[in-house]
């Protein structure tokens, strides 16, 4: 199972960033996210898997696809990436990956001796609303502000029109 | 806990995904695909958190919660970014990142 | 003990007059300023005479030695514990003698100037400068320490500068004044270095300590320090360099002839009688050190003096500007004095040269001042400096003629005029010391007689030139000084100098040595004779001689091109090869480096602009590579 | 309020007063009044100082006031003066007062001009009264910055370039000083205890040699830039040439002294060991400055350039003397600072006045001015004579003290270099006389110059004050020299304690 | 929620309340009349700023997620002052026609970012830190893209949000490694178990770059100039001062409290980067013509100087950093205030346009000059003191080479600051900026800035206060 998911994730990840059709990219991304949620299931984090599926795969990707539809032709093909750019980027990415992997493999992880906690919804709910140690009510509150702000921000930026249609003169000449 | 799969595998998987995202961010010309690359990056980080939490620190849920919040943040980030991208599209009539370079030097 | 504290007024009075005339002179009537200046100087002259009388005849001698009297002394500037510059008044035979000389000549010149400068613009300025000069010269003379001497030495230099450049709208005068100042300044640098070395080794500036036979300068001479000469010798050579400059000895003599651009009274006062002998005075002042501790330096003095006197005499024979002839004559005579010092020993009869030098200084002051003032009267009458434009003036200017003749005879060394006595002592001293120098001086004596009478005959005899308006005798204010000085020239030879001014302040007997005196007189007469033949009447002999010895004549006429050498040095070397390159270097290299730094920064700034390309992905690339590089660096390489 | 702080307070009050004044005429009057008070105050200070010394006060610094400012880095506002600072303060007051009158006719942005000028002066006064390195440095920079505006706005010629260059080079110097000061601060208690910026406190300890070797050159060069140390002097010709009269006066007259004073108070006094060890480098540099500046001046055509190079030469002599590190030479250095301050201020004042009349500073475009404007010309000659070291004027006293002092050095190298420096007196004479001859003497070359007017009353005030001071010092230097000498005693004791020579 | 909790958290709570108040007011206000909202916001924020100074107990809330200490409180207060100034300065801008429909949104976004910063500063847990960071970034991107009708603004927005997403991705990756090796997100627990294994250093460095991005440290600075130039001026000011200041604050807290173990590593890194940052920032600043862009690079080099305070890891360093940020707020906002005022009045933003400004608008020019001098570190204004303490902090640990490089860099920065002074005072222009008079808000804000610039330096008690609250590694 793990092998399947991981192969899927890696392949689709790479496809996401290399395919020349934008909608396909979105689809591959969706697949990556879905396989990730499969991993979460494997890890026994069902709640997270669900969140991943709904919020990530469902929410964000849909958002992305909408925006693609707004801004591009579906069949639009990208021009191939400049060779120099792709080589250097790949080089950077590969160096980084090798560095990270070598470093990770170099490190001896030691598993906790304490007993695992069964993650059920109740526990999650309690933790989320707890003000004690390991309680997450404060981030929960703050993230709501963030969501509010993001909403307002998105609206204000994307909203069309306004009282003044006149384009303000562009004073900037870099 | 998945028997036979050490935590390192997860980490390597996430790392590969992470750098795939990085590569995408650096090469994709379309702003939206860049955004997608960012999502890849965030997703890979989430895998890390989850795997660590499950393998090494299963008695607490910090990693998991972190992932949860990362997803939320990613969502809002995506929302704002897409709003701006739409605005860019209106202004520049393109969402090719290489054309969005009026300011330089 | 006589109280000499009044001598302070000899210094203060001219200074006050200078301040008065300098600050308020333009508000006074010219005549009044002249009167103030002259009166002031009259008082000083009187005081000087009083001092001289009291010093030589009324004060007590200890063991027959004239004592050095500090009439006044105050610390002007404390430098180190031991070294301090004092301003004071030191009375000893030579300073008292110089007081007399300076005040006398100065007083005469003051009187003379009232007539001579009548109606000139800047009349009061002239008297102010004269007062300043008198102040400086007197301060120099009575200096109690070498630094005071240096101070007044400089002041004398600047007064000379101001007076040479008195006609400041005349470019040649301006040039001359500048030249005089810079040349002497260069020499003074040597003087200063000499002072520095001397004071470093002796820890004192004080003349009394320095010249004391038990003083540090003489006892702690040490061995060879540099190039085989001792430190003291070096310091004395450097000090002498100052004297060379001020006294217009070779090679620093070039300013003196040019200095004749100044008003003639100034030439008489400064460039004949007083300031130019400061070098002689300096050597005399330091004489014990020269004689005992630095005989090599003393030899330098002798040779420089002898050479200068010869050189000047030769040049003088060819010049046509009467003031220049007199200038070279001055140089020649000072060379005499230097030589006399140079051949002198210390103490008793050995110090004959010293005495002779001082003696000649005294008589020279009289007759040279007379000559210059006479020349002034002539120029005043003819409005020309060139003897080719003169002739037959004896009937127009009787008094001038008479006094001028006396002066010429004096300088030619015809007995019983004063020049004879002093010159004779010098020759005697030289004979006993160095035959070569003696021979040179004989030649110079002949040349002197020749060129003086060349001058005399050309001006007063010969064919009468046509004058624009009839020359007439100068006013009384000018002739009276002439007469007084003529009297001085005639009789000053009878002053018993050896009993008053000697190297060790101890009187000794001196007498005329006939073996020396008779030939010298003969040579003098011979010179006069040749001049008579060549210049009494209009003859072609001089021209023929000039063509025969074409090159020698040309060289001599052009002062052996020494001026040109200097010009080359200053114009080319200093201006073209030192200063201009330095200025260029400064603007372009040093400043250029600073600008280059700025420019490089700008360039660098321009070069790296492409990193800020406006391309988001390039930013991302830099970001990521930066992160990875940092990670590699700090996780692995530089931990 | 103590008397020293008043020196900072009065200028500040004057500035405030100027800001509230509407009329240009009143601006001048207010400035002149303020600086007149300052001048009187300086006189009072001199008097108080002398009487205190006479009464037996034998501390190194008198009128010391110390207020703790920043507790932790232990920064104090600490003031105190010894004879050296007192005379520098007096110098500043005189030059400033003269400068106010020299700039009487500034028409453009008058108010701002006087504000900047007095602000600059505030920095200078503050610098001289400080005994805490922090405040000292603060005032130092405060004094440098108004120069930019003063030259840039009211200057002439390539003023923007010059102003920028001057400011940057001087700030470059101060950058080095800052590093040096920090170094001193962190080594001010080598045996533990409270670190301090207080000069007197630091002087009591010996800064470790390894630190000295690093921080002495930093501090010395840093201050040397302002003191026109070769090869960091090139701001001087351009800066002076472009600056307006009063600014040149104040800058050459006073500001450049900050360099010498600082080099002496901070670099030499606090780090004598390294100074003794490394001085030979700087002695060569400064001796080069002396000769090089003088030679550079010979061929210049612009009056201000001549004077700027002359300043390089004279200020080089200051640093040169400081490096000789003995009482006499140091004494000479201080006198030279004062003397140069006065006479160069005089020079610049006169040049400004000439420029105001002839509208040129090129010497070959002028000539024979003596006949036309005798007062200014005579003053120029006097300034020139002072500059070339004529006895009776201040330059002589200073130079001779330096030369004699430097030559007392037991080391042959120092004496030989001294002789090199001595040669400058001839070169100085050459360029001074050259200028005098071309500019003032001879026939009037330009017929437009035949009807120039001589000095006006305020110009006379300015010039006479300066000439009076120059002559006063030149005629009777004893009191000044001994006042400085007494103050040098403790410094010399510290220096000599470690001097290998 | 007890009163004490309220007191401890009052910054965040009050800000949230203000946010809601504005939101509600927006609902009830007339669409064409935004004046009351502006007044309301300014008043609200003024009150909040004032209330921030009430002393409060120290302590931890939410099981250690929220940490309140004197120094953090002070940091928030400093930010509050800055934001108040920004808000005051932006009033004129908001009154312009094209912004009138977005007034309340502007305040909401601004305040929400401030809430994020406050939480970030107060965080004792990396989750809080992260959320705070994002809350402090995402709305700013929208603000940067606020001028919807200008290409530059949109470009600024997208650049900011994308690069910040990348950066937070890298930061998160680093955090995940830190988590994986320590098993916790609590600051104090991490500090206890952190060591210097390679993976941890890798994680730390990735985390570091995320912070470096916020502070615009070279080479993570490239977005800065473009975003600063494109964004509306008040947002640029906000970005360069408040956003950067907050990041600096939390960064120093994190470095000092979470990673003291690897002090050697981050010292070296900061040493290196601070040299790079100030030099590159300066080199770029020299050539700029647009004032916003110019100030962007100037702020980059300022960040380089600020890093000098980090490098020692000492108490003085932390104090000087906080102090300098305070000074920097006044100085930079002074400069931006003038730029904003001029831009509002004439639309001019280039250095050339400032030629002869002194002759038409002397007061503005003087304020600008003071601000620039303060940035350049010229006495007697506050920047001098700030820089001095920064250098002192670095020198205390013996980093003299760094100090010398830094002071030499100040010369370059002085050069370009003087270029503006030159334009305003020395040069003359055919078409200078007309004489104008700004509104009361702007003048009040600029007055505050000037007062701050002048007073902060001399007020030693202020520095002492900060210093007593600071700590070293």
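As written, the chain order gives the labels A, B, C, D and E, with residue 1 at the start of each chain.
By our rule, contacts are C-beta pairs under 8 Å (C-beta built on N, C-alpha and C of every residue); 3 or more make two chains touch, one makes a residue touch a chain.
Because the structure is predicted, anything quoted here is derived from the model rather than measured.
A.B. asks: Which chains sit in contact with both members of the pair chain C and chain D?
C.D. replies: Joint contacts, listed by label: E.
A.B. asks: How many links in the shortest chain of touching chains run from chain A to chain D?
C.D. replies: 2
A.B. asks: Among the chains in this structure, which pair is joined by the largest number of C-beta pairs in contact?
C.D. replies: The largest set of C-beta contacts joins the chains A-B.
A.B. asks: Centroid from C-alpha atoms only, then distance chain A to chain E, rounded to Å. What do you get?
C.D. replies: 29
A.B. asks: From the C-alpha centre of chain D to that of chain E, how far is it in Å?
C.D. replies: Centres of chain D and chain E (C-alpha means) sit 42 Å apart.
A.B. asks: Rounded to the nearest whole Å, what is the centre-to-centre distance of chain A and chain C, using the mean of the C-alpha atoms as each centre?
C.D. replies: 100
A.B. asks: Using the average of all C-alpha atoms in each chain as its centre, how far is it in Å between chain B and chain D?
C.D. replies: 65
A.B. asks: Two-or-more-chain contact residues of chain D, please, as numbers and ranges.
C.D. replies: Each of 168 in chain D touches at least two other chains.
A.B. asks: Give me the residues of chain C that touch two or more other chains.
C.D. replies: Answer for chain C, listing residues that touch two or more other chains: 598, 609, 612, 614, 616-617, 620-621, 624-625, 627, 631, 635.
A.B. asks: Can you pull out the residues of chain A that are in contact with at least two other chains?
C.D. replies: 85, 89, 92-93, 96, 99-100, 103-104, 109, 112, 134, 136, 139, 143, 146, 149-150, 153-154, 157, 172, 174
A.B. asks: Please list, in label order, each pair of chains that touches.
C.D. replies: A-B, A-C, A-E, B-C, B-E, C-D, C-E, D-E
A.B. asks: Using the touch definition from the top, list the residues of chain C that touch chain E in their complex.
C.D. replies: Within the complex, chain C touches chain E at residues 598, 601-602, 604-606, 608-609, 611-612, 614, 616, 618-620, 622-627, 630-631, 634-636, 638-639.
A.B. asks: Residue numbers of chain B touching chain C in their complex, please.
C.D. replies: For this pair, the touching residues of chain B are 22, 25-27, 34, 97-98, 100-105.
A.B. asks: Within their complex, state which residues of chain A touch chain C.
C.D. replies: 85, 88-89, 92-93, 95-96, 99, 103, 174
A.B. asks: In the complex of these two chains, what residues of chain E are touching chain B?
C.D. replies: Going by the criterion above, the answer is residues 126-127, 130-131, 134, 138-139, 141-142, 145, 148-152, 154-159, 161-162, 165-166, 168-170, 172-173, 175-177, 179-180, 183-185, 225-226, 229-230, 287, 293.
A.B. asks: Can you name the residues of chain E that touch chain D in the complex?
C.D. replies: 316, 319, 373, 378-380, 384, 388-389, 391-392, 395-396, 398, 400, 403-404, 407-408, 410-411, 414-415, 418, 421-422, 425-427, 460, 463-464, 467
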